[in-house]
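In order of appearance the chains are A, B, C and D, and numbering begins at 1 in each one.
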């Protein structure tokens, strides 16, 4: 437990700092109230709006832990949203739409996994293929239009409320818990990390890396499918062009802010989820603060850079070194330089 | 003193790797640095050469305080180093590796021809005639080791440091290396030599410094020291029994496995192999002769394109490592850094990995169970680690080797392949590994042991297979197994060609 | 001949084969006109991809190039509009800026041990954000010097135009080849790509090299920005979105390993031309709807990579056999 | 040859459909190229149209600048170019004609509607901008501001980009509502396109307010979905941007080929205002199959 806390402490502190910062610019930010039987307020908005990135970050964490990357998740969101909307549009009902969409997500994941694990194409390029083609497939499904529907059940997925909380918030929290349990209560987490650190050695130790990699990309596809359902339900229409556009970058950013190395290995889904909330707090904060939109990107870039710098292992090493140096000099001893091993 | 260290201090989280170590290297001497696995030899070297920042102490070169902050600066100071794990780049050509940072240039551009000439010149004297324009990765560990040495020699204006340079060399190459080292010593260089092969230590060194647990224990003239005392100094205790030759004769058990016509085109010619219960098969051959290939084909690491493997019950599937493991195989590979350890994972996880992979992801080994397993092996194999949660990449080389052995012992396979199991292991652990091998065999496990140390092979094997030119050429059994016989079999007609190559 | 050139040969072979296939379908495609267009239209991409190749060879990645190109265009346009500076002076200023920008990214990557992907992702936001701050509009550039640059070409037989921009790209590739394969810096780049820890132990100055690598990429992105500005005679903050991904794809199609340490700059040229060929083919075909365009691009990308893998495998097994 | 920008919005898809229909009706063979929102692709496409020797080029330019060189090449090859829906900064002699609407004018029509509708009531307006830096976003903003200039009772209090998408329209509207006292302080919403307005309408509804009454909604494009919203009383007005730019273009080309008539340099399409009074349901039915 304490180990877990220590692991996510930097992320929690960063989240706190971002929240404080936003509150400075928009004082009402932290207020949460009831409107009827549901909670409203910016923090709730963050929980809800952060859902797509948070969901993607779950799958992305696992993919990155295997030393991969999945650029296709945004396009997969669009495909799955389009499939679900098309199914509902044809009157097949939600009972068919959801399994179809999830199936489409799994299929996309299977394709990515096949390219990476069997054909051994480098993950960035392998998933770039679906990133490009996927949006085309989504448009093929919607015939280039925004496929609007009026199924209340589907809309509920995107904008409904359950026990006071928005459904999307429930979705990512539950998905996070399920994924966390599956990964840590089984040996999946260990095997994923082992493959991510040293694929060759893992294979030689009998780890079936092919199945594992395919699984991981399929999980990522599944997460993207759920995210796709949510954004589609939210606007009551499948927007093949824009659903999930560039969200893969936010998801990767969330994982990085969550402290999982892009070189694979040790990962923490919880930390990635906090990372997603940090990003969403920034996004929502920018919207609320009322700057002109041309400032959005610069603000985001500067904040992200600052966050990453603060979390950088080197910087904390140096800070610690500085502290020890001061102590040493206080003791009157010669000041040795800061320890810098920086294993990369 | 040419190079001197005073009161060196280096801490890692949970360990004090160097605790006020002093070390002095004179010009024109070969100074052996000895100690158990994890004693701090490599750390001392890395601190001396700027690869690690030290936490305290000072370094003097020619009496002047120096403070190399990077290996680059150390090189500029005239210190050339071969680190323990071969530190060369497989993706560069041999010539590029050799000349990196000092490429000859013409008109501001590096000159291919100049590089080639310089590389050839650097390699002259090692009896290695290889194509310097090929990627280094295409060559075996041994060749890479020699290239690393040649590079370090070239860089060392004053000091040459060799951290276990002979771990994967065979006798002929060792002799050649020593030739070079003596020449350099006579030129007035100071040479630091780390090795676990005591014979080599006595053969080459003038003085010996012993480290234990990060502390300086003793520095003496090599001539005044005998083997037993040296071991006592290193271990801080008596080694119970130095293993002597001669394996107690076994009753040959029933045949448990049989490979027929197994081979892979371009890698290893088809071979037959019959394995009996509780038998140790040794495998000898020159570097690059195809021993590792044999093992890889047997284990499915490189899928065979001909032949079958079967046991009493029928054919076995060994087309991938996972399937081979399911068939009761195990394989501790030669290159532990790239093929063995999962660096960032803990000792516990590394030990449990094969077992876990075999059980499948859905049936996790409970954490407590894993811990027990790990602690058990840490005790039994005397793995020096602060605890089972330490990332294995931070252990010393020999201890990493033990962790990999533990991984396979935990599996309790019926047929275990050990490729150079004692590479980089200290005397104490060496004896320990040999004892373990005895124990495993007594428990009914069959072993295939690949080793460049012929004495070791003689000591443990019931049968020795000699490999030459990518095919199995001879088999020695029982009384035939002597170092001489093996050497003769290896050097049979045609082998000279191979050696000259 | 050399094993490490195999991916390069595979790339070239596939490009040639593909070109011939296209020719069978559309004989027009083998005109110097199309060839000239291929060079001109992809000049900015090719130049950026040369910088990207160096970065990828070192095992890094630079996501900021697309934004830097856009920034460059906007910067040039604004400077030419608002100051009396000669375009050449503006170019020099711009190259200094983008090189410094790249160097700063490299410094962050090295000093803070942060992954390049993330640092340059932030750089991507930042560069475009600054472009927005400079202007929201697209600003035309109507400097006479610009026009002469744009119109500088050599008419090849068959009415194809070998433009200054195309030549500039070819020169960049040449420069990149020399830099990567014939300098100490280049070998250091390969060394870092092969293993940073090992390279450090071998005495490669990691910090300096890393900073130089990203500075070079920044410089090339700036140069690509100049070319793009000449090409379109305008600065537009929304331009060249996603070009970094095209550049990465081109580098990889060109046979360079994303994990670093292996590849060629010449291969990147063919990667770029292959991407351009795909684009040209689709336009020539002219029956594809928006979505089929995307799907076909994806499929062709897939086809190229798989073919290349296949060729490599065949080549390798022939070698070992 | 027809070089289309892409298919980034429903409107764009409709334009493509209508162009194809118009071409088919006239027996014209259309080479279609989709530029995926990238000018560089468009330039390449126009170049290869020239290389292929098409009879005429329809170009929907993604951005106004940077066309001189290719247009000159087209001119040299004696291929007439007709610009669709957006203008370019080049010399008018380089193209035959341009068919399009006046983006600034659209904004003005929308603004004027609001001015007329609220009369002298004070009105705090929130604005959903298009993609930052795109010309519709800039011009429609300018036009709207022109229209409300001099009417001090109307004030734009918040303005953010919704990137022309429904999802971001909704997200941004949510934060507007959040920031403006739960929406109680907002009198009207002006969206640069209908898609964002549709998203925003959902946000308003979810916040418990009535779009069209509590918050007036005016937007631009006249896509089918906004008529549905108008029919339900949830949107108030939209300004039409017709997707049929190709019809006039083909007519102009035909006239040019038949008897050399030089068309005017700019053929402006009508920016018609639709309100709830214009039988939105009928408009919806009329448009829904156009491929929006």
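The rule we apply is simple: a residue touches a chain if its C-beta (ideal position, glycine included) is under 8 Å from a C-beta of that chain, and two chains touch if they have at least 3 such contacts.
Just so we're clear, the structure is a prediction, and the values are computed from it rather than from any experiment.
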item	value
Shared chain contacts [subunit B and subunit C, defined touch]	A
Label of the chain whose CA centroid is most distant from the centroid of subunit C	B
Between subunit D and subunit B, distance of the C-alpha-averaged centres to the nearest whole Å	71
Whole-Å gap separating subunit C and subunit D, where each centre is the average of the chain's CA atoms	34
Subunit A and subunit B, separation of their C-alpha mean positions in angstrom	42
Interface hub residues of subunit B, defined as touching at least two other chains	none
Of all residues in subunit A, the ones touching two or more other chains	139, 144, 294, 296, 343
Where subunit D touches two or more other chains at once, by residue number	7, 13, 16, 132-133
All pairs of touching chains, each written as two labels joined by a dash	A-B, A-C, A-D, B-C, C-D
Residue ranges of subunit D in contact with subunit A within the complex	7-10, 13, 16, 129, 132-133, 158-161, 163-168, 170-172, 174-176, 178-179, 182, 195, 198-199, 202, 206, 208, 225, 228, 291-292
Touching residues on subunit C, where the partner in the complex is subunit A	61, 108, 111-115, 117-119, 121-123, 125-126, 128-130, 132-133, 136, 196-197, 245, 248-249, 252, 257-259, 289-299, 301-302, 305-306, 309
Contact footprint of subunit C on subunit A as seen in their complex	69, 71, 115, 119-122, 124-125, 128-140, 144, 240, 249, 252-253, 256, 261-263, 294-302, 304-305, 308-309, 312-315, 342-344
Residue ranges of subunit A in contact with subunit B within the complex	185-188, 190-191, 193-194, 197-198, 200-208, 212, 265-266, 336-341, 343
Partner subunit D, residues of subunit C touching it in the complex	26, 28, 31, 33-34, 37, 40-41, 44-45, 132, 136-141, 147, 150-151, 228, 231-242, 276, 279-280, 282-284, 286-291, 293-294
